[in-house]
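Labels A, B, C and D are assigned to the chains in the order they are written; within every chain, residues are numbered from 1.
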Amino acid sequence: MPDVQSLRPRRVFKLSRVGVTRVRKPIQIERSGVKVTLSAEIDVGVDLPATQKGSHLSRNIEVIESIVDQSVRTPQKSLEALCIKVASTLLERHDYATYAQILIEADYFIERSISGFGKSLEPYRIKAGVCHPRNGKPTKMIGVEVIGMTVCPCAMEEVRSILTKKHPDCKELLEKIPVPSHNQRNIAMMELTSPFSAPEVDADDLIDILEQALSAPTHGLLKRKEEGELVYKAFTNPRFVEDVAREALDLLLVRFPNLPDDVEVLVRSKAEESIHKYEAFAERVATVGELRE
Amino acid sequence: MPDVQSLRPRRVFKLSRVGVTRVRKPIQIERSGVKVTLSAEIDVGVDLPATQKGSHLSRNIEVIESIVDQSVRTPQKSLEALCIKVASTLLERHDYATYAQILIEADYFIERSISGFGKSLEPYRIKAGVCHPRNGKPTKMIGVEVIGMTVCPCAMEEVRSILTKKHPDCKELLEKIPVPSHNQRNIAMMELTSPFSAPEVDADDLIDILEQALSAPTHGLLKRKEEGELVYKAFTNPRFVEDVAREALDLLLVRFPNLPDDVEVLVRSKAEESIHKYEAFAERVATVGELRE
Amino acid sequence: MPDVQSLRPRRVFKLSRVGVTRVRKPIQIERSGVKVTLSAEIDVGVDLPATQKGSHLSRNIEVIESIVDQSVRTPQKSLEALCIKVASTLLERHDYATYAQILIEADYFIERSISGFGKSLEPYRIKAGVCHPRNGKPTKMIGVEVIGMTVCPCAMEEVRSILTKKHPDCKELLEKIPVPSHNQRNIAMMELTSPFSAPEVDADDLIDILEQALSAPTHGLLKRKEEGELVYKAFTNPRFVEDVAREALDLLLVRFPNLPDDVEVLVRSKAEESIHKYEAFAERVATVGELRE
Amino acid sequence: MPDVQSLRPRRVFKLSRVGVTRVRKPIQIERSGVKVTLSAEIDVGVDLPATQKGSHLSRNIEVIESIVDQSVRTPQKSLEALCIKVASTLLERHDYATYAQILIEADYFIERSISGFGKSLEPYRIKAGVCHPRNGKPTKMIGVEVIGMTVCPCAMEEVRSILTKKHPDCKELLEKIPVPSHNQRNIAMMELTSPFSAPEVDADDLIDILEQALSAPTHGLLKRKEEGELVYKAFTNPRFVEDVAREALDLLLVRFPNLPDDVEVLVRSKAEESIHKYEAFAERVATVGELRE
């Protein structure tokens, strides 16, 4: 019986990427002795030469099964380590491919403590991936998504002006205190793409950077007093989506002074506007070298 | 060749509902001479007796095609009129069914003007449906979903207290003015289910009610001054999700004093919290009679 | 400073349910010595009397934190045990509430082996909840969602007729073998709602029932030969959405002969039709007593 | 009062793109005398120099309002015409920007007739966009998404082999007829990005190409006989995701022999596998020139 996938196709176009997407699997990572279980969605793919009709998709799943399912029994020490293992095994199994790729995305929880209060597990999104050319150096990607809060600096000045007109004798005070403004959920994300040999950047550090870049992070549990303090803090720190993106870039360069110039950075801040029904966003795509200029 | 659907099934259970869901169709409604095109998702279904293996699903589509597609050529005068026509035709075509049901959901746009400014088309969601028992009276449902803004009354008092401690000599002013609080997108929705013979309630009225029940509605286009005024208005009108739900119920009873007691109301307010990563919600399910008690 | 939530509201309507929704948390369950980590979404809520302005939403989160986050350190023995603990603690913390409710939903993985092949972790969705009236008996819900495959029996007969016309001399063979028909993803789900005191039904059993009710289950990893066998099996077992719903009800009654008559069953089969752009569905809502009639 | 957006930012990074996303608006296009209303989602953005704190987001909405809302009164003759008008007006209104961008996405319906049967409105997705550099030539993008059906050629051979083993005397017939295989929904999409001056490619032509590239298109309404014929047709035309992508590329080159070499093509075929819980996909990114090599 013929191996249908290996037949010569009628149309002689090569394909950039053939694979499987949205494969759901639990992944176990063990870091500093602590096991973390991620409920992940995985995409993998390879390219396909013009001379071959089909990619053997079941091989992708075999590779995922053998490495990812195994992680439930023998945890990997990082997503990065798991991704490179999958990508290089994909190249072995698809001998016609010139490159292989894997992308993993999952919910991710970090224990955060709030001043004078107990600890809580806060949810984030984490992404990791590897692109592995057969005759070249692999690159890796690490990314995070953080939900936080932004307060609009522009509307605050408008409201200050309204209040000052109504209470002209209190002008002095009104110039000193934070006044009402619209604030909203902000979905901030950052992705770093680097040569695989570059030093590992921890997802937790990127989450820290984004939380600092916002007007304020958000918390699952806030009693009345803490809620007031968090809101006060956010309103003394009003930020546009543009500010969040720029602040995050600045914090990245400060925290990682040794990051190689060829690391590519994508940062995006998206505000689910409370005064509009649509979203506002700001983004930058650049190499670390360009950012340092 | 046998009509497979009409065979006797192995398992003799009747089924509550068999049909098709997420059928996408454009629908045209003509109201007061103005044509409105909705890009709708439609669900229809009928029950199935234990003695019959399958429902003839293509008949559902025939009915939808003949009535809904026709609306593109000859607009219906309301979603309600279209729904009852579909439901009663479903009963004709499925002679074994004891009831038929249709539910339509679509984006819906209304032209809104903002004080001292041009007009803009604001987006909403609209829902309509009919349940038609063969030996009983049909009921109809009309529902809307509105995106607006809520300002938290509780956090405002906490911030007022923080500001008063910092500026004790300005206590008097700080008690009079709106101060910072978290505010966010609120998804408010209301659904009315009534005997089909009850007077028609216009979706636009329900949208008005929900927009008034919020701290403030939101607008697509706001220049700086209007943005300040909208924020100021919202902060002088802080509301919990609970307040939005109750206010909407009150406005409904006031605007429609003749609404029959047996109309069922579902109202829900959901805040996409700016200080948390999850949503807060409040809802009430009751008949108009119960609400009037 | 006033406790804003405890103020008397302007509108004196009670609310059916006030709470938080889409709270993401990892949950650990330990069954037969095996720890399972679920990346869950949690909804909790209580009712609110007409005399009180707001529900104390932070108490909901305190309860979730203390019980759910704790599960990461000391795993619960079932979702059911975790839900009743949350619901009864919610009643303690909201002393004005007459009932409390929790609903949990998560990805869930089970190790499945395929004949003559290795093991693989297959993904499912699991749901669990408890409704706890203060002056009454709590009820519990357990539900699962399974992705499988259905083959249309009706289209198979049509194709058989086409083939027989083209090859009249092979009529006999064509009556014996499975011939082409459209087949597709089927999302089957079942939910059982029972008094809390009813015997525990395991989610794994419900998943088994739904997989048997389909034309065939699906698998992550299938080599060519197994893929052929799975397809052959599915085509010798063609089923409508109606058949899946009925078969699942029958299997439930057979596997759990002692299920009390007052257990409520919801079963739904939804086919993401390969020949249409919309979905077909069949569902039944009934008590076990009604199903046994 | 200061124009907050025009202040000098603390961080002197330029931003690649600042704008608004998911703006929902109805759009009217008039082609050959027929008005089409699209319920669209719109993204627009411009870049922002390092010297400026904020982009004036309300100007984006003013531009959308004035051109898109106007289309409801005076329909545009194509999405392309609408997009270039928005993009060039964005450049006028944001005088600091070096480029402007718009992307529109919407449901789109085409009347299709089925042999010997009535007409039906089939749903598709349509995308259009323009990128407009201030000192350079604008580019345009047109894209479509089509839901159709693929039948797996590989599983068909496996099932043929199973059937032949069971019925060795019918080997001859079994080699001639289509036998069972898994088939599923396939989401096929194609996007063309070209200099704005390139000849306009109609979305309807791209939809035709993708429907021909699949094993078979799908239809809303199929009576039993037509359903059989459609399934028979699809099974005589089995295709991998790879085949769909390549066939679409071939059909594109054949139908548009004059398409300039610098047009960029993205084609993707994604199968929502009926025998797996995940998706398979194949894609190609290339210029028309590369495809012609």
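Odds and ends about this structure:
FYI, contacts are C-beta pairs under 8 Å (C-beta built on N, C-alpha and C of every residue); 3 or more make two chains touch, one makes a residue touch a chain.
Values in this document were obtained by computation on a predicted structure and should not be read as measured data.
Greatest Cα centroid separation from chain A: this falls to B. Interface residue usage between chain C and chain D, two copies of one sequence, is largely shared: over half of the residue numbers at the contact are used by both copies. Here the spacing of chain A and chain C, counted between their Cα centres, is 30 Å. Here the spacing of chain C and chain D, counted between their Cα centres, is 34 Å. Put simply, the C-alpha centre of chain B and that of chain C have 26 angstrom between them.
Residues of chain D in contact with at least two other chains: 23-24, 61, 123, 154, 157-158, 161, 220, 222, 224, 227, 276-278. Taken in their complex, chain C has these residues touching chain B: 1-2, 4-5, 9-11, 13-24, 45, 48, 53-55, 57, 153-154, 157-158, 161, 240-243, 245-247, 249-250, 270, 276-286, 291. Listed in rising order, the residues of chain A touching chain C in the complex are 23-26, 37-39, 58, 61-62, 64-65, 69, 72, 106-107, 109, 118-121, 123, 220-224, 227.
Against chain C, in their complex, chain D makes its touches with residues 122-123, 147, 149, 151, 154-155, 157-159, 161-163, 166-167, 170, 173, 176-185, 216, 218-220, 222, 224-225, 227-232, 234-235, 272-278.
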